[in-house]
């Protein structure tokens, strides 16, 4: 096993995390960390527990044991919205867009700390609220433009093509201004051209200072993008390392590919 | 006996399969392999009629079954074992078997159930237990047994290894092999763990990102390098 | 004229009730059938205050609203933990319990209800004609409509609709779903309770039957017929559904079965709109829950 | 002690009525996942249809029960065909079907009032019941009949759901609708059958309950549906036996509570139990799965 | 051909059936005098509505058949209160303003009380029937009742229990409605005033069908008298279920049980039931004739309140004849009627807006209500 890619203190640390459903051990004594400014990929077969790890990090599931630290602070036990506010944003495998909201609203809804986001403020209204709203909408428009969705602001999310929906999901994620982005299969279902586009975007996000934890089935993409790869099998970490190392790791071949020598 | 031509499938707006072609010979085992999320399961579900948004032509024994619903596909001689050792968890083992042979006359059903229980001694021991209380391997066996109640001519199996320990996986694939030997059933099997399935299959189809990227006799796929290429390298690789 | 004014008064009250319920049902996806209970809380608080302490309009309205808030807290705390049909059944339970309290407490006069409520006063002015009371109801409906519009068009309103679409996604954006639901639940209760205040003043005598489960079903019917998620729809449907039975009274139906025929036509409306036109008269989408 | 035993027994009598209604209601819910409130309307109409044949036309008890069952079965399956099946095909949320069902209940209730009038209708005159005394407990023939019928029916349904292929299939469909399709079950037909059976049972129950109470009236479907809903939630959703047991539990708790609490709070107690169950044991006392969000 | 013949026969039959209407029009001509009547026609109390309406319609038909009032027919305009005050108020206003009726018959305490101010405002006379709240007495000059109010009726019933029956302990059960609660509470107060003791006080829901738990509580107190205030359906069940629970007691109530359906529902268990009400002396010829006519028209015995609705229509008709077809005229007419011969006795509104009729006590014996021999 090699050492971590950088010596900075990690942004996210998972320590001995376990979670069972009934008798099924979905995640078992899992530990790994994510360095700030890196792309870390989580790979493993179906049912390996990757999405469960995401749900544990974001607080959608409570861990049976173990800790999660974000910027050195424990976040396990916090409700999902507090974890999100702390700076962890996630995308979903099945997108979970707000189907019957416009593209603009989908993105605008995600902007943090908006004036008028509380009932009282929205009732009171006022010029400052209006100005803030204009500003936020402008921001959302900007994001849509970046994502080549300009002109679709008023379309309902459900009216967009699948590729556009994926972009919109990314837009919503970016609008949260989260520092750590958890991406659950961002390229699944995309055409090859769009996959390339997405990879480029993901790279640029890191350049812009984001940190990324990725679940991805397309191993080729994983190998190309990642700074660090964590391999899971049946809830346990069976290997981690830089992509080349993992590619040649025997136990990965063994379990992940089902190759028994 | 089965040919699939230019199969496209959609989940809502999302196209999952792009013009997949498959052929399967009588009494053979074909494996559909490929990385997760490639659309392998969708191939099976489309053939069986569970994915309704599909295009293309599917013929079974020379008969066009492209637009049949599951009920009619069963009548035509197909059976499907879904992913995740799916059984009726609140029903007992016996009841599950009965449901597997739902469309059969009761005399035949009783007789088949007995032979199923004989064939799977594990199930016989637990015939009155709720299926939800079975272990993963036992549930997978039960799922097979249910599908076999109908004595299908073609069995479609979706990722039987999911969530099972390696030893059990071996056992499962031995069972599949035995099914073909004893019952003469053709099998189309989707699997992500290549090594195991290649042990029993005759033909291999590789799917990635919803497209068939290679196919051929199993011998061509036995080497590690080949697999590594299939799974881990870029998409343009050709094997045969 | 008073008859027409009174019907108008009812339309305005039901428009308020329907708008406030639509914020829950149509915008947030919370299918509540406890609205008549909240309405009744306002009505009873007003009657008790007016009979014993003050019939100042402002004061009684504020205290009724406060009562609405208090009761909605009691209902919301547990009920908001449930989803979909289970939330609906829980609110049905609360509705029935609130009704039972009205029916059996000494304070509320039990089945006798409370009688002889004086006319409301505001800054020395007494609202003692039907017309004045009607104008009050219209004013409330307008305030409710304007505020509801403001809410739905604000970032908060965006979050309401986002909650309706996908709660998990909303919380993943750092927004507290619970806070959002809670605030709108309270807002809705405030207006329902205020409608109760004006109802009490316009009818002068209240009893539990007016706030029973069928009343809640009637209010949700208005929301469905008007269109979930459409404020204009709620107003339109409140007008139509109050008008329809009144209009039917002018049809030549044998007197003995006419009342049942009116009930049946109301049932038919429910079935028609749920089966063939789920977006309602002018609603924005088909199905509240996906 | 004698008072308590009478309260418990009252609870069993009341509970068997709830259980009878909840049985069909739960059977239909199991198969179709619809809160079929119109069940209450079917209950009312079938009782009056049975009354017409039995009393007005004087064709006897058997003909009355047969008519009630037949009318109920036809209505139940009709409602499913016209309302729920198209909704299911259109992927409409169960909530909409539930509201629609309320509409049907209103229609049927008022139709009954038009056809048979709104006065209570005497089905069995007072004094026709034999009174028995079992220790400190007083009871009557019809009460014992209804309890026995409920228990027998629950047992029969248990047998049906355990041993009859159709019954197992309906359970299977409730347990996993997609897998049911995979093994080739005709889901639509199974749902129709469930409506026929569940409604037919409520038809029989309607007369049985009517004979026990003595009178039937157009409005009787409303309250009983509320109680059947509570019974089903107490017992556990999607399980017919649990719903019946829930009916008995509700009846007994309601009645025993009255031992110490004023009777006017009976309704509030029932709904209090409902809410507590939803919050703390959503899977019901005897159910396996809850309304997981 | 045969089918057409059948159709003709049907049409002819229909014409014959409709014929009496034509015949009436010959006797009473011109624009009808309109009288409003607001009843609970739908909802839980719809059984009241059906019975009450039957009484009123009988009067309408008879008056018109007999040539109407001043040669003009009268016409009842029926409105549905749904037993809801909101509807009651709407219907009152509609009847006055749209239907232009100068007089209204209404019922049920929680319905009529919010109607009082409108009656006063619009100066529309209303006769309330069977709503027994003492508030009627002070509701103003436009509100009348041809049925005694609870403070009178229940006081007399309490006195009867204590003095005539010599019973000092009683259990009480009453309908959980404004009507039932007032009857129950006034009885309870009067009974205690006279030194009586209430052993148990229970409620019965309108539309309820199972009163066993309440009755079991009552049974535990072993009461010599069970006073029950509920309408005949529920009352019949209370008696029946009491017997089924082995309660041996004497029952007492106001007039609600004096009805055929009650007798059927309760059965022989009702034997000994004492009912006190301002009801007829069955031996009086006009009463016998009324019951005959009612039975002929509806095929069953009249209920308690039906005759009072019958009388209410006739009272208005007489008042129109005397004072003219206007709101003022009808009020004046009612007050000046003097001793009006009602079915159940003579009514007089000269001094009070409530017609006082003496209470008569009857006892249920073998399927019939019999005068009590003293």
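In order of appearance the chains are A, B, C, D and E, and numbering begins at 1 in each one.
The rule is simple: a contact is a pair of C-beta atoms (placed from the backbone, for glycine too) under 8 Å apart; a residue touches a chain by one contact, two chains touch by 3 or more.
Only a predicted model underlies this, so the values are computations on that prediction, with no experimental measurement involved.
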Fewest touching-chain hops separating chain C from chain E: 1
Intersection of the contact lists for chain B and chain D: none
Identity of the chain that, by mean CA position, is farthest from chain C: B
Chain located farthest away, centre of chain A as origin (C-alpha): E
Geometric centre distance via CA averages, chain C-chain B, whole Å: 55
Distance from chain E to chain B - Cα centre to Cα centre, in angstrom: 76
Mean-CA-position distance for chain E and chain D (Å): 35
Geometric centre distance via CA averages, chain B-chain A, whole Å: 33
For chain B, residues contacting two or more additional chains: none
Touching two or more other chains - residue numbers and ranges from chain A: none
Multi-chain contact residues (two or more partners), chain C: 103-104, 260, 263, 290
Pairs of chains found to touch, sorted by chain label: A-B, A-C, B-D, C-D, C-E, D-E
Chain A contact footprint on chain B (complex, rising order): 12-16, 35-38, 159, 161-163, 166, 169, 192-197, 209-210, 224, 227-228, 231-235
Complex contact set, residues of chain C against chain D: 31, 78, 81-86, 88-90, 92-94, 96-97, 100-101, 103-104, 213, 217, 220-221, 224, 257, 260-261, 263-264, 266-271, 274-275, 278, 287-290
Touching residues on chain D, where the partner in the complex is chain E: 3, 6-7, 10, 13-14, 17, 110, 113, 117-120, 122, 125-129, 131, 133, 138-140, 143, 213-215, 217-220, 223, 254-255, 258-259, 263-264, 266-267
Residue numbers on chain A that touch chain C, as the complex places them: 58, 60, 79-82, 84-85, 89-90, 92, 96-101, 105, 108-110, 112, 114-123, 125, 129, 133, 136, 172, 176, 178
Chain D to chain B touching residues, read off their complex: 162, 165, 168-169, 171-172, 175-176, 178-186, 288
